[in-house]
Each structure stands twice: as C-alpha cells, then as structure tokens.
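See below for the structure under consideration.
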Amino acid sequence: MASIRTHVEGFDRALGGGIPEGSMVLIAGGPGTMKSTFVYSVLHRNAMNGTPGLFVSLEQDAHDVVEKMAQLGMPILPEDKLYVMDMNHFRLALRDKEKGKDWIKILSSLFEEAVRAGGYKLFALDSLEVLYAIVTFKEIRRELFHFVGMLKELGFTAFLVAETPLGEPVREGRPEDFLSDGIILLEQFHVGAMGVQLRMRCVKMRGSHHDRGYFLLDWDGDKFLATKAIQQ
Amino acid sequence: MASIRTHVEGFDRALGGGIPEGSMVLIAGGPGTMKSTFVYSVLHRNAMNGTPGLFVSLEQDAHDVVEKMAQLGMPILPEDKLYVMDMNHFRLALRDKEKGKDWIKILSSLFEEAVRAGGYKLFALDSLEVLYAIVTFKEIRRELFHFVGMLKELGFTAFLVAETPLGEPVREGRPEDFLSDGIILLEQFHVGAMGVQLRMRCVKMRGSHHDRGYFLLDWDGDKFLATKAIQQ
Amino acid sequence: MASIRTHVEGFDRALGGGIPEGSMVLIAGGPGTMKSTFVYSVLHRNAMNGTPGLFVSLEQDAHDVVEKMAQLGMPILPEDKLYVMDMNHFRLALRDKEKGKDWIKILSSLFEEAVRAGGYKLFALDSLEVLYAIVTFKEIRRELFHFVGMLKELGFTAFLVAETPLGEPVREGRPEDFLSDGIILLEQFHVGAMGVQLRMRCVKMRGSHHDRGYFLLDWDGDKFLATKAIQQ
Amino acid sequence: MASIRTHVEGFDRALGGGIPEGSMVLIAGGPGTMKSTFVYSVLHRNAMNGTPGLFVSLEQDAHDVVEKMAQLGMPILPEDKLYVMDMNHFRLALRDKEKGKDWIKILSSLFEEAVRAGGYKLFALDSLEVLYAIVTFKEIRRELFHFVGMLKELGFTAFLVAETPLGEPVREGRPEDFLSDGIILLEQFHVGAMGVQLRMRCVKMRGSHHDRGYFLLDWDGDKFLATKAIQQ
Amino acid sequence: MASIRTHVEGFDRALGGGIPEGSMVLIAGGPGTMKSTFVYSVLHRNAMNGTPGLFVSLEQDAHDVVEKMAQLGMPILPEDKLYVMDMNHFRLALRDKEKGKDWIKILSSLFEEAVRAGGYKLFALDSLEVLYAIVTFKEIRRELFHFVGMLKELGFTAFLVAETPLGEPVREGRPEDFLSDGIILLEQFHVGAMGVQLRMRCVKMRGSHHDRGYFLLDWDGDKFLATKAIQQ
Amino acid sequence: MASIRTHVEGFDRALGGGIPEGSMVLIAGGPGTMKSTFVYSVLHRNAMNGTPGLFVSLEQDAHDVVEKMAQLGMPILPEDKLYVMDMNHFRLALRDKEKGKDWIKILSSLFEEAVRAGGYKLFALDSLEVLYAIVTFKEIRRELFHFVGMLKELGFTAFLVAETPLGEPVREGRPEDFLSDGIILLEQFHVGAMGVQLRMRCVKMRGSHHDRGYFLLDWDGDKFLATKAIQQ
C-alpha cells in the first residue's frame, strides 16, 4: 500500500513514511492551530510533486485562500495541480438540486466530475463545522457515514478539518472520530505563564505502527517543521 | 493585503502589522474585560487617522457609549468619522420589516445604506449575545454564517464582541468561533490570592504568522498598553 | 456623570468614587453571602443621605426584611425614604392583569407609579431567581432585555440580586451577565481546612476604570467594611 | 425575634443563639450524613423542652422512624409533643383529593389541622427528594415557592431535608436554595487515604450574623456534638 | 431490631453487627467491582446458616450464575435455600400480563408466590440497570418508590445492585440513592502508577451508628476479607 | 468452563488462563488505541489454533482489513478459519428486509447461517459506534440487551469494540458496560511532557478472579506484548 507524504519533516518518519493511500484523516484542533494551512501545505507539496489535489474551502473564498497561502510562502499553482473550490461552486450545484436528491449525492456528482476532469487524488474539506452549518443533517452519524463512504469510492485520500473548542485538547466523542482512518491533532499549549506554542501528534492511523508522541510545530516561511521534543 | 492597526502598541507588532483588511475578528472575553472599550478604541483611533467606522451598540444607548468613552479619554468624533448606532436605529428598521424579509436582509440594507452614505470601512457589533437575545434564530449556525457573509460583502473589516462566562477562559465550541478569521481573547486572571489583572492574546488570525502568547493589558487614561510579560 | 456611593469604605474608592448613575448592577453570589443585606445597606445609606430608594423583596415579607435589617443595625426609615415592596404588592397588581398586558408592563406601571409618588432614584430586586420562579418566561433573553430597558427608562440606578450555586464562584454565562452595566461578586471562600470567610470584588463596571481585585468583607454591627488584602 | 435552639452544643453559639423563629431551613447533605437524625434530634430536644413538633417522614414508616431514633438514644415521646407522620397519612388525605384542589392545598389542610389540634411549632420534611418522587410538579420553582409560603403561613419554623449527590459537597443551583432562609450543610469528608468523617456548617441564615466555618459532628449516644476544628 | 450479617469479617463489626433487618441496601460500584459476587455471597452464607434467599439475576442465566459462583468457591445449594431466578422466569410472568396490570404488580405477584412457597427472607436484584433496560419507566422516581415499597411489604431485606460509571466513584444523584436505607460502595482504586485494587465502604445505614471509612476488599478463594487500612 | 486465550503473553495469565467461553467482552478505548488490531489478533491466533472466528468490520472493507492486518504481520487465512464480513454483506441482508422483521432478527439470521456453514466460535464486531450510526435505535438499552442475548444464543464468545472519547479514559455509564461479561480497556497515556504510550487492563471479567492492574502494550511486528510495569 502506497503512502502519501505530509512533507512535514520528521512527522512523515513518525508515520512510518506517510499516510496510507485511501485513508480518511481528521485534522483536529482548536481555533488558531493552523489546521487549514497544514492541510493546504500537504496538498500543495504533493501537487508540486505530481499528485494533484482538490481543496474545498467552506470558510473562505477560493481567491482569498490562494492569496493568503501565497503570502505564507506557497506560490499559486495551476488548477489542474491544485484546485480550490469554495461556496460559490456549491451554490451552483445546489441550485440544480432536484427533489429526490440529497446533499451527499449532489456533492458526490460535483466531486466525481472534478476527479474525471482533473484526476485529483487528494481531497481536503475545510471545515466539517461549516458543512454542519450549511447542511441540515437529519441523522448526523448515518449521513456522515455515507459522506465518508462517498469520498472513499472516489478514490481520494481525504483530509477533513475539524475544529475543537478553544483551550480544550480533549475531543468529546463525535462521529467523525470513529469514522476516520487517522486523526492528527493540532494544539496550542501554554509555555510558562504567558507563552503559547503549537504542537501536533498522530493519535490514530489505521494500518500503520506509528509514533503517538508530540512534535513541536513551526512554520519557517515556506514549510512546516516538526521537532521531536526531548523528554523532560 | 493591507492591514488595519489596532493602535495597541506591541500588539500590532505581534500581529505582524495589524489585522488583515476584510477579516471578521471575534473579540471574546468574560464580563469586565473591557471588550467594548477595546473595540471602540480601535475604531476611534482609525477614525482619527482617516478610516471611518460604524459601531453598533446593542447593549447601551449610542449617547451613553459616546459619553462614557469620552470620559475614558476618547473625545467625541463627528458622525462621518465614527457613527454609533444603537437599538433605536434597529427599531426603526424593524418597523419597516416586511413579511418576506428576514432580519439579516433588514440589517444588510441598514448597513449598506450607512456604507453608501458614510463610506465606513470598519464595523463593530457589541455584542453577539444581545443579538441572540433580540433576534430569534431558527438555525443559529446557518444564519450566523450568512450574517458574516453579509458583513464581508459590504467590504467591512468587522469586530464582533462575544461574551464568555465569568471565570472561564475556555470557550465552548460556538459557531462564531470557526466562522471568524481572527479571535482575540481578553481575560481577567488572578494574581496572588486577591488580585486580578487583564491580559489579552491573539488566538487566531488567518493569513498571518502571529505570536500566540499573552500580553498584559492596561488602560493608561487615553489608550491601551499591551506589555509582553517576561517568561517566568 | 454622577456616582452613587455604596458607602462601603474602600470599595467606593476602588470603583473610582462609586457606581455611575443609571447603571444596572448585578449583585451575584452563592447562598449566605449577604447579597440582600449588602444591597439593602446601599439603599439605606443613600436614603439617609437624601436619595430615596425602592427595595423589591420577592424572597421575604416587607415587614420581615425591615425588621431583620433593623436588628442588624439599620434603623427603620419612613416609606418616602426607603420603600420595601414584597409579593403582596405584586399580587395586587397581577390581579388586575388584563389579557393583553404582559408581566413587564404590569411591573412597569407599578414601579412608575412608585417613582411618581415617591421620587425613588435607587431600585433593588431581591432576587432574580424568585422572579424566574413566579414569572413564566417564554424567551428569557429577550424578556430580561426589555425588563432591564424598562428599569432604565424609569431613571433608576438598579441593583439586581442573582444567586449563584453554592460553592461555585464561577457563573455560567447567563443573560443577566451581559445585560448588566456592572457586576459585583460576593463569595464565601475557604480559609485553612475548616474556616470560611466573605470576600467581594467588582468584576465589571461600564464607564469606570476600576480595581478588579478582591476585598475581605465584614459586617461590623451597623455597616460593611471592605479590606484590601495584602498580596501574599 | 426569638430563636429555636438546635441543642447541638457549640453550633447554637455559632448561630448567635439558634435559628430565628419562623425560618425555613434547608438541611442539605449527601447520603449517610445523618440529615434525618439531625433534624429529628432538633425536634426531639425542643419537644422535651415544651415546643411540640411535627415530623413528616416520606422515606420511612412513622413506626420505624420512632423506633430507630429510640435505639439511637432518643426515647419515644407522646404524639402531642412529637408527632411523626408518614406516607399513610398522606394516602388518606390524597384519597379525598377533589378535582379542583392541588397537592399544596391538600397538604396545607392536613398540616393546618395538625397545628390546630396539637399546636405544633416546629416542622420537618424528610425529604424533598421523595416529595419530588410522589408529587408531579408542573413548574417546580413556582410550586415550591407556594409550598414554602404555606409552611410559613402556618407559623412553622421548618426544616426541609435535601439530599445532595454522594461525594459532591457542591450543590447545583436548585430552587430550594434561594427560597430558604437558612442552609445547614452536612458532609462526609475524607481523612487520610481511607477514613471518612462527618462535618457541618451553616452556609446561610437570614437575619443572623453567624459563623460560616466547619464543625466536626459526632453522635455520642444520645446527642450530637459539634466541635470547632483548630485551623491547621 | 435483628441484623443480617454480611459474613464479611471486619465489615459486620463496622456496621455494628450487620444490616438492620428489613432494610433496602444499594450495592453500588463501577464495572468489575464484584458487586454481584458480593451480594451472592451474602445470600449464600445466610442460606447456609438457615436464612433462605431469592437472587434475581437479570444479567446472566440462573444456571451460569450458580456455576460461576460455585467455581469461585460457593457450592450449589438447593432451591429452598437459595433460589436464583433469571429472565426466563420473568418472561413467563410477563406473558400473563393483563392490560390493567403494570410491571410492579406482576413482579410483586411473582415474588409473593416465591415467598409463600419458600419463605425467602433475603432478596437481591442484579441489576437495577438491566431492570431499567427491560422495563419502560414513565416516571422513574415514582415507580421506583413503589417498587421499593413492594419489596418491603413482602418482608424482604433487599439488596439492589447499581452500576456506576467506570472510574467515577462519585454517584450522580439518582432516585435509588435516597430511597435506600443503606448504601455500600465498591470501588476500584489506583495504587501507584499501574496497580488497581478493590475497596468498599458503608456510606449510609439507617438506624445504625456505623463506621464510614474504607476497607480493602479481597476474595480469598471462598469468602471475602475486608481489611481496615492503616491510615497513611 | 473452558477459556479462550487472547494469546497476549502475560495478559492471559492475569485473566487466570483466558476469557471464559461464552462471554461477551467489551474492548473499549479511545481512537488510536489499536482496538481493532487487538481483537483481530485474538481471532487470528485462535483461528490458527483451530478455533474459527467471524470478524464483522463496519468501519472498513473486508479486503482492506485483511490486507492491513497482513502488513502488520498476520497472514491472510482461508475463510473457514477467519471470515471477515463488512458492510456489503449487511447491505445484501438488509435488502431482503421484510416489514415485520427488525434489524436484530436480520443480523441474527445472517450470523446463524455463518455459524451453521462455518462453525465459527469467536465473534467480533468493529465497532458498536458504527452500528449505532447505521441502525436507528428506538430504545437503545432494550435493543442492545436483546442483541447481546442473540449473540450468546448463537454460542459465540463475542468481542465488541467500543470507542471512548479521545483523552478521556473514563467511560460514561453506557448500556454496553453493564451488559458485558468482561471489559478490557485500552488507553493512550502521557509519558513525560511529549510522549504517549499504550496500556491495557482488564476492568471486569465475570466468573474470574483476575488482576485489575495495567499492562504496557506493544506490537512487536507480529504479535502483542503485555508487560506488567514495575510499581513506581
């Protein structure tokens, strides 16, 4: 089984090479933990290495995402390498919504078309919380179950961004947790009385015998660095 | 992308210059953390430097706000520089409410008119809690999503004041958290057995590589001072 | 803007002179923190200095309140100085309740009449919890919002007593918190293994640059003393 | 205003003589904190000193209560001194229940008759939890408010036993808390790794300037002893 | 009043001889605290000493219970000494269920018949949680109140097994707590970083002046040993 | 009563030989605690020793499970030894669903057929959470009660995987807890400031006098090792 590299040095090694292809990975963390930037960087680096990706941004306009990420050091790529979709694309699709079709089927067609046209292999959704805000779930556990199934059938290795409450690294049991193949946790943690830093760890990765410990995370101007802290 | 300065010394530097233009920033904190004064000061200082602002006060009368802020050292400005709206303006608008229009559309027209007339660039709402008290949300996640979208379409850099419970710096996951581009947290924290001081930190700011640590916050008679505490 | 003194020595100084006239102040604390006595003493001292007050007791009979307070050292005053209303006054008013009138309008008329007759400037309600017990709120946030607005329109500087759970100094976010101009917190706190004392602090006071720290609170036989603890 | 002594040595002194006549006092504590025995002993000692009492036991049969208390050292008294009512008395009364009468009116008649016949001055209900189990409250805050009012109109000094969860000395805000004139708290607390003892404190007592600290509580064979612990 | 011995050495002494006859005792503890084995052993030892018991197992088949307990060192006894009923007996009874009869009446008849036939004095139900799973309570507080009353009318000294959440020695206030005459708590507690042991304590026992401290609990092959830990 | 070995060295000894045949054992743990791998390894090792098993994977495709487990060192076995069923098998069965049949009866037929055909003795369900996601429970306690009964009637020794929230070793009281004969807990625990390891313990095992302490758990390339930590 092939692996998808995160291109975060040190962290790929901790995963035993990367994320098993075809996995659905949750990127969970509180506000301000650079979840979007992390996921974007994974798709960006893989796109530059020949694996095209589809980044669905429900939180910001596609144009804003691309521009802000460029300012952080990730140059704009052509759409056949990294295609950023936003709410406007959804609105178009949802306008065609027929009575008998549910939202999962609509998104399914939309993504399927994108895959057929662009051959995208990686998928990112930023974020689950906004999906919950715009879609009215009747039975969240069951619908999310089928949504994840749909992503897998399209052949994606998928990253779903999930926001946890500020200051609460513990996640309450949510359906996306047990439906995921992997969980990567991003946290702000307090250093001394007044400092705050970022750290990450891989909580879960099916089919891999990975390290579960923490890495200090930093953005050095064009990429993430993950440093394994010395045990105190 | 241009930045809006908070004019709080030290803090703008921590943000890498200021708040990216067009952002929606949450000013969160418990009661008594000077959230309103902080936001007012940002609009007041920018107004004096040529960027006019619209301050919507749902908690107090416009007249009281302007007078209390003047007493704290921020002189009254003409309405084309800093326009303070209160409930009375809303009542007028809501009286015109037609059947087919929802509250977001009404506020939208109201703000749009203000922008056309005064060219306001900054926007503040004090506070989300009172908005929740007077508007009956049917689906809070979805409606807030569209409310934020409306503010962005009007071109505002927006500040939404959100009150967290007293003594509880942790925010439970609320829709305004993941819809915001930035979160600035204001806290009262206990010093020794009997003392209490103010501190602030930037938890999140999209498109900026900001410091996440705490600043001691003080009002020196006409402006805020943010001091980076030495790590203990 | 004039101030209303609490006549608690040291504490008025911490408030920068007193409570800004026209404010709505929450007196919050667990059972046994002398909230009622504190508020009564503020109205009593101001009444003796020429500012008449209206004390609405929903928890005890007016007669019991006046007598118990006299025993604690605050002599009975004539009704035009300090008028204590209890449930009996409300029952009368509520009996006249017509279909189209809601409880806020009834209370409003009742208080308005009292103000016209006696010129009362200060107002106290003891307590919000009993108000919640006898009034059926349909939408508590919205109705409380209008209740507070009514008190302000009558020109009152108002004190609302709010009971927090025993042993829980932290208040969960409640609508009265963000609707108030000020919050004064009274707490029992544990000293050593078996002792318990009272302390108070001003959490919030709009338009005032107040001290936020704790004061030890004691009743010396006819008045409160607030001592600023030396920092340990 | 006269006082009712608890006849617990040391504790009456802490209350400034006893409990103000006419008060409604909550006796709160977890399971196994001798709440029932404490309240029974107050009524028993006062009965022996000429103040007759009415003890309503919803948890046990009247006969069992009297016998168990006798075994603990409190001899059986004639009914005109200490009258123990149990569920059987209620069943009788409730059988007569007419359509238009609610449970508060029925209890009211029952207690009123007892007062007229026996001149009882003290009242105890053991416990509120069982009252909640057998009465279907529609609006608990409002009904409890009127229930307490009824007890006061009958001239009782009343003791209501309220059970808090095991191991949780903190009470969540419940309507009986703010409706009471006094709260006496009984707790099991852990001593060392494996020991457990009893302690009590007066949290609240309207119209009294009482001590708020803890007392160790022990039953010495026929009465309670309350020892003021030396501060560690 | 006679006592029922638990035959757990040391523990009977702590109870002042045993459990007062006719009591309803809750045996509460998390999963894996040997609640069932403890209750079974009490009935088994008493049965061998001439007091026959009825053990109702809703969690396992009667045959499995008897056999597993025999393997733990408690030999199988004839049904007139220790009768183990399981779900199959209930199914029979529930099949006869008529419209007008509720589940409490059905169980009542079933147990009454057993008492008439076998003269059982002790009763155990394992567990309340499964009772809740198979019976649909409309008003749990009221129905449990009558269920306990029924057991008492049949003359039983009754043991009800109640499961608390894993790792949470604190019980949230549940109706079975205040309806019980006694509560015996069984806990797993952590010893050092990686060890776990069993301990028990009597939290409550009406009509008895018992020790409230902890005992280490161990099964030595055919009986329980309760050791009073030396205070550290 | 025969035992089923887990083939995790050291741990079987702690269980007194293994898991009593016919038990229903819960394998509980947070995300990333190798619950699926642990259960699969138990069925795999027993299958190689002649006891065939049925592994029901609701979380992943049967093919993915088998392949990922092979990569972890457990070679693919013929279906008569270890049969892995996934959602596709269920879909087939559910398509035949008739009106009068509920989901438990459908699963029952499906498993019964498998037992008749393959003589499977061990059963695993991965996981309860996904079962909850795809089945609409009306009364979860009652239905789970019957589901467990069905598994027992088919003669299975059954393993149910249950996911607990991340970072929360404490399980809130859930129906599967008191319905199970055994509970094995898997946890990630923090070592020093930045490290995370796995540990396990047997919380409960009916009919066995087992060790309750923790074992460090590690996967050595083709099997689990459980090390009893030295007490610190």
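Each chain gets a letter, A, B, C, D, E and F, in the order it is written, and its residues are counted from 1.
Convention: a residue touches a chain if its C-beta (ideal position, glycine included) is under 8 Å from a C-beta of that chain, and two chains touch if they have at least 3 such contacts.
Quick caveat: nothing in here was measured; it's all calculated off a predicted structure.
Counting only chains that touch, the fewest steps needed to get from subunit B to subunit F is 2.
By the document's definition of touch, subunit A and subunit F have no common neighbour. In this assembly, the chain whose C-alpha centre lies farthest from subunit F is C.
Rotation angle for the C-alpha superposition of subunit C on subunit D: 60 degrees, rounded in steps of 5. One inter-chain figure worth recording: subunit C and subunit F are separated by 59 Å, centre to centre, where each centre is the mean of the chain's CA atoms. Distance between subunit A and subunit C, defined via averaged C-alpha coordinates, is recorded as 51 Å. Chain-to-chain contact here is organised cyclically: the chains close a single ring, every chain touching exactly two others.
Taken together, the subunit D residues at the contact with subunit E in this complex read 30-32, 36, 59-60, 64, 67-68, 71-72, 127, 129-130, 132-134, 136, 163-168, 188, 191-198, 219. Here subunit C touches subunit B in the complex through residues 1, 20, 22, 139, 141-142, 144-145, 169-173, 175, 177-181, 183, 185, 199, 201-207, 209, 212-215, 228-229, 231-232, going by the rule given at the top.
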